[in-house]
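Below, each structure is written out as structure tokens.
In the two complexes that follow, chain A is the common piece, with chain B as its partner first and chain C second.
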Partner chain A sequence: MSDTATRPAPPAPPKSTGVAVTTAIWWRRALPMAALYAVSLGIALTLAALLVMMTGASPWSAVEALYEGSLASPAAIGLSLDKAAPLLIVALGTCIAARAGLFNIGQEGQLLIGAAVFTTIALFMPGPGPLVLIVALIGGALGGAFWAGIAAVLYFWRGIPVVITTLLLVYISAQVVFYSVSQSWWLQEHLPTGGVMAPQSDLLPEDRWLPHFGEYPGLNFASTIVIALVLTVIVTVMLRRSTWGFRLRMLGMNRSAARRAGVSALVFGGTALLLSGAFAGFAGAAMVGGGNHRMQPGISENSGWDGLLVALVARENPVLAVPVAIFFGMLRAGGGFLASTGVPRYIVDVVTAILVLAVVFPPAFRLYQRQIATRRQAKALAAATSGAAA
Partner chain B sequence: MIESIALILASTMRLATPLAFAAAGEYIAERAGMINISIEAMMLGGAFSAVWGATLTGSPVLGLVFGMLAGLLIGFIHANFSHRLTVNTYVVGLTLNLLVLGLTSFLLDVMDLSQAQVSKFAIPILSDLPLVGDALFNQRWPAYLLWILIPGIWYAMYRTRWGLNMRAIGENPSAVDATGIDVLKRQRFALLIVGVLSGLGGAYLSVGEVGLFNQNMTAARGYVVIAAVIFGGWSLKGTMIGCLVFGAADAMRLALPALGVTLNAQLLIASPYILAILAMVLFAKSNRAPGSYGRPFVRGVV
Partner chain C sequence: MKKTTWRGLAALVAVPVIMLAGCGSSSSGAPADDGTAAACTKGEQPDVNCDGKVVVGVMSPGDTNDKGYYQGFVDEGRAFAESKGWSTIVIDKINPADGANQAKNLCRQHADLIAIGASELKDSLVATSDPSCAGVQWYIATTAPLEQTDAFVQSNDFPDEQAVAAGYAAGLLLKERSGTAAGYISGPELEFAKVGAKGFLAGLRLVVPDATLVETYTGDFDDSAKAKEAAQTQIGKGVQVIWPYLGGATDAVVSLANETDVLTLTPGGNRCDDPTVKYDVSVIYQPGAYFAAALKEFEQGKLEMGTTRTWRIGVDPVPTVIMCEPHTALQPEVDKVMKEIGDGTIDVDAEIAKASN
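Showing the complex of A and B:
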């Protein structure tokens, strides 16, 4: 029995006779993928439209409201950018941890702690405004890093999964933050009249706000988005071009190979976790300093969770995270306008989550199809060889 | 004094029961090597669907069935995304959690849900026992299902070939794969079981104990369930003790103010989560974890 008789002929290698052919091949590969994405996103949007129709409103009016709130005026565009900035910062941190193969999903908690630390420093530290602002921002990042550090310590010391600790810490942090704004010795608001005090902090002095560009009716936004974009460049370069980034990737891809090459999981994995916490904490600090200018328990509006989703949709690629974050920011900005249509704003959360599933589905499905095809070929081959042997 | 102890015991049992249903399922999944964070979505979805189903049909019992089906559906989606396609299981789990949280909040705003509650069933004579009688033998009737469910799961996991295979998958999936068993298919099946049982746990919370649905009703109980399994050192007995401990923490939270002990409100609310972390630190020995705990199975990768 000869090999040549039984084995199916290998597909002829593509003839590279010119650019046209290469382009054609590229299209042949890209088209089914594009179609898959179209179908998958289409199903997601249909589901969202059905939900909107349940409320009696027309999906079109919901889209109009979203457009109104996110793009229709310069001020709306500024709001979208303001909403996108913290998401992007959180997503950048997530990218770093994911490169190291660690799954920090407690950004929401790290963000809240960062915001609380920032407010505490900005309210209590004496000194010139800009200096205090910088110290407070760094403090916020350190707060977030500390909160992620708890999970890191428990993981490397006791082997407790990071996933669980970071999740549980989110719910603890919410109570810590609520405690901080309901204690008069800490962050709770001081009213001159001595009236009923809301669970929120005093307004920060104006010289401790993050710089703001533009005026209200026109395009205006906090400098957070600028910082976020600068951070994106730094993270991208560090992950792609530095030795540190290479080692991080090595650790994420193959832990034992990394160990043999002298990359310590404790040092690099631990740093990655702390950094992702620091980014989330910084995002929280920037939300107080650039947005509300005071600490409130509900300040995050799920930014930690959604920032994580941004990273997932962007496939943990910091550059891709920019457009995704801006899109999610637009959804959030537009969500405020939904009230007028009678559609509960929770629809934004639903749409965001469905979109994540719709985006992760196509590549995974293609991979699955390929696996099935390979398995079928292997079976056919086995059947052919055993037939020939008999 | 005796009376307040009996009260705390009764409320411990009430709060531990939803956890126990979900933990029984999560136990199987964890023994098969998975950490299934979408359990939160399953419980919350189950809680909502149970009230919704009870409103639709007028029967709280059918509501329980709705809850189980909702959990099953979420388990099905999760299983197919993570254990048929190869999407990271935490990505799928987290997204499902946020999806179900958003969806149930949305639907709660849109729909009119009525109150519905399954009835209590006091076992004669036994329920008159001092101290434990009320806690153990005067519960909503679905709670008694645990008396069948838990021995059943123990038997399935330790006395059947199926259970042996499940545990082997958790320890060394490649070895199981080499014997010709479809590892991913078994893991998908385990996720469906988690879905049904967690859906029932959530449903028990809503149409069992409370009688209605609140926004984010489960409030991270799913994660506490995972902590219970880790706390229990991946044994069924330990897992159930973990559920009782966390149920007791929850009960103390409600009972302490009534007993005149004043603790900070935020500390009380956070106490189950803090306790869950502390319990894992003190009792979880990582060497008792299944061999391939939390690692996805990829064929041909050792």
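Showing the complex of A and C:
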């Protein structure tokens, strides 16, 4: 007779206790993180207040301005959404590459190339506006993919780290884009009045603009945010529920195991990197089509870099990237308004950077803590093993 | 977590909140109610929105501490506004792509007049039709005439004429030294920078027919290290005069030139009496002077929207070229040439075409 047969079965724990335990565990994990965020933001706000006070302005007015510029009115909310949209799109692409274990940090360059390709198609392609717009958006995405593809080729062909190539390609892209808007045969604007021309393209015809919802002073925003949210759903489903997403995760977690399971690093990793570039390129295209309606060298406003930060803060989780991108968008919109209150621009830049750092710090700190804990455990295990062997 | 840790965290959060609340003032942007508004007629300059105060918003694409073009625009305008008790809000380093938003933000700060410092920000003018900017007066300084509408007033000048006059002044200095090589350093290879170089060479050749110009574009108006490196190279090639057509990097070039006895020209302001670095020629095309003139009209209620004011060398007090000490004896010759440029005796386009071939 087996042991289990003679013993009475242990009483099953009541369901409510299980839920309570789970909730307690969740709280035990969430509380320190929340506290860390509170401390981090508290310190950032103190520093920001001190900086603003140094310029002679009132810190409270600065907080008010940040709020007024980002949330206080429907128009301000619309602006925050407009600023958040490209960041979210870039972040989605970053999530895809990161799942495959590839760290693409060249989104800024891919975004610029996407914007330039979009503008080129939108200005030169004949045809009905909506059709040209769609082709130009696809072109923008392909432009970004091509730029990331250079890094992919160098990585899979010669083993050159993606981090290095994507970063260096940012600088090349800036020169390419500057060249494009300085050449009259390419994108430089044509002035009917003659005179000195600025390094920017002509304004796109209105039928090649992305649709805009609402009117000032009500809630109004470009359709880019809607596209970004749709893309978020698609990316989330694909990463979590599809075989492709599973293989991508497998590749990111353990390259050797993935290879043994028949997951090709070249096919899946390469695709992930191309998609990452395509998302950044698409974000650039949407920035021209949805906001500026002309190509300018500074069009990105660091959206590529900030999109990367959004993905990092969201821990490469596409769903989490939505609120993070909106937060970053609010900071951008509020920062612009803060500058108009008389606070010097450089202080505004520092204040927004401090707030961004405050948001980035807690997850980075937790990651650091985990690494330390893992190392300690490994050391303890090694000590125990050697002790047992002795 | 231990109790002490929680207390520490709570204190860290509470301190900034209390600090922020303590410094509080909720009056940002609210119209003043000091009785002056009652006597005001809406739309009348300078208190266009009748809120009892005059607010001038200034937008600049560049650094307004560059001791050059962008700072010149802001300084003169601000000095005039402050002398009248007006407040100024300056937003600098504006990305042209974000110009319209910044203009709308200034409208929300109840600006009566918004001045745009350079044609790079011309897209900001779309805000003129924005409901939040209703009634606001607009001024833009440009180097290329914009299509005029009733919504704004513009001032412009002719950079090629100024460059030829600057080149002539530099040519006189070269002739004094029996030299033939001059240098030109600018930032990105932009159209207006290239126009400046062409005009400068044409002016040089009016005095020294076999003059040569070494052109360097560093890619950045404010990168002192790159500009200094460019100047070093040019000095190594034997240039006797350098025109740093730069922003924040100007003084780095000039201090190196001072050390090596190379002569220099200013990129836009009068710095003959500058105590920090020594200039030999002041090439003055300060948009700040045009702006100050516009503000004077604004004060008198005479700044008429929908008009263009063109400033010409040899015709108006500015733009102009001033020879600094110890070269002041050459001023009459420079004045004569500026006059000839202004009245068309010297055909600037033809001279530039001749020099470029």
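As a working rule, the second predicted complex is superposed on the first by the 307 of 390 C-alpha atoms of A that agree within 3 Å, B and C clash if a C-alpha of one lies under 4 Å from a C-alpha of the other, contacts with A are read in each partner's own complex, and residues count from 1 in each chain.
The working rule: a residue touches a chain if its C-beta (ideal position, glycine included) is under 8 Å from a C-beta of that chain, and two chains touch if they have at least 3 such contacts.
Remember, it's a predicted structure, so these values are computed and weren't measured experimentally.
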First (chain B), second (chain C), both or neither touched by A:Leu45: second
First, second, both or neither for A:Glu64, with chain B first and chain C second: second
Partner chain(s) touched by A:Phe178 [first = chain B, second = chain C, both, neither]: both
Touching partner for A:Met54 - first (chain B), second (chain C), both, neither: first
A:Ile299 touches, of chain B and chain C: first, second, both or neither? second
Which of chain B and chain C A:Tyr368 touches, first, second, both or neither: first
Partner chain in contact with A:Leu357 - chain B first, chain C second, else both or neither: first
First, second, both or neither for A:Ile164, with chain B first and chain C second: first
Where chain A meets both chain C and chain B, residue numbers: 178, 182, 344, 346
Chain A to chain C touching residues, read off their complex: 31-32, 35, 38-39, 41-43, 45-46, 49, 53, 58-61, 63-65, 68-69, 75, 79, 178, 182, 188, 191-200, 216-217, 287, 291-292, 294, 296, 298-299, 301, 336-337, 339-342, 344-346
In the complex with chain A, residue positions of chain B that touch it: 35, 37, 81, 84-88, 90-92, 94-96, 98-99, 101-103, 105-107, 109-110, 219-220, 223-224, 226-227, 230, 264, 266-267, 269-270, 273-274, 276-277, 280-281, 284, 286, 289, 293-294
Sites on chain C touched by chain A in the complex: 1, 6, 9, 12-13, 15-17, 19-21, 23-29, 57, 87, 89-98, 101-102, 105-106, 108-109, 119-120, 122-123, 130-132, 143-147, 159, 188-192, 195
Touching residues on chain A, where the partner in the complex is chain B: 51, 54-55, 103, 105, 154, 158-161, 163-165, 167-172, 175-176, 178-179, 182, 302, 305, 308-309, 312, 344, 346-350, 352-354, 356-357, 360-361, 364-365, 367-368
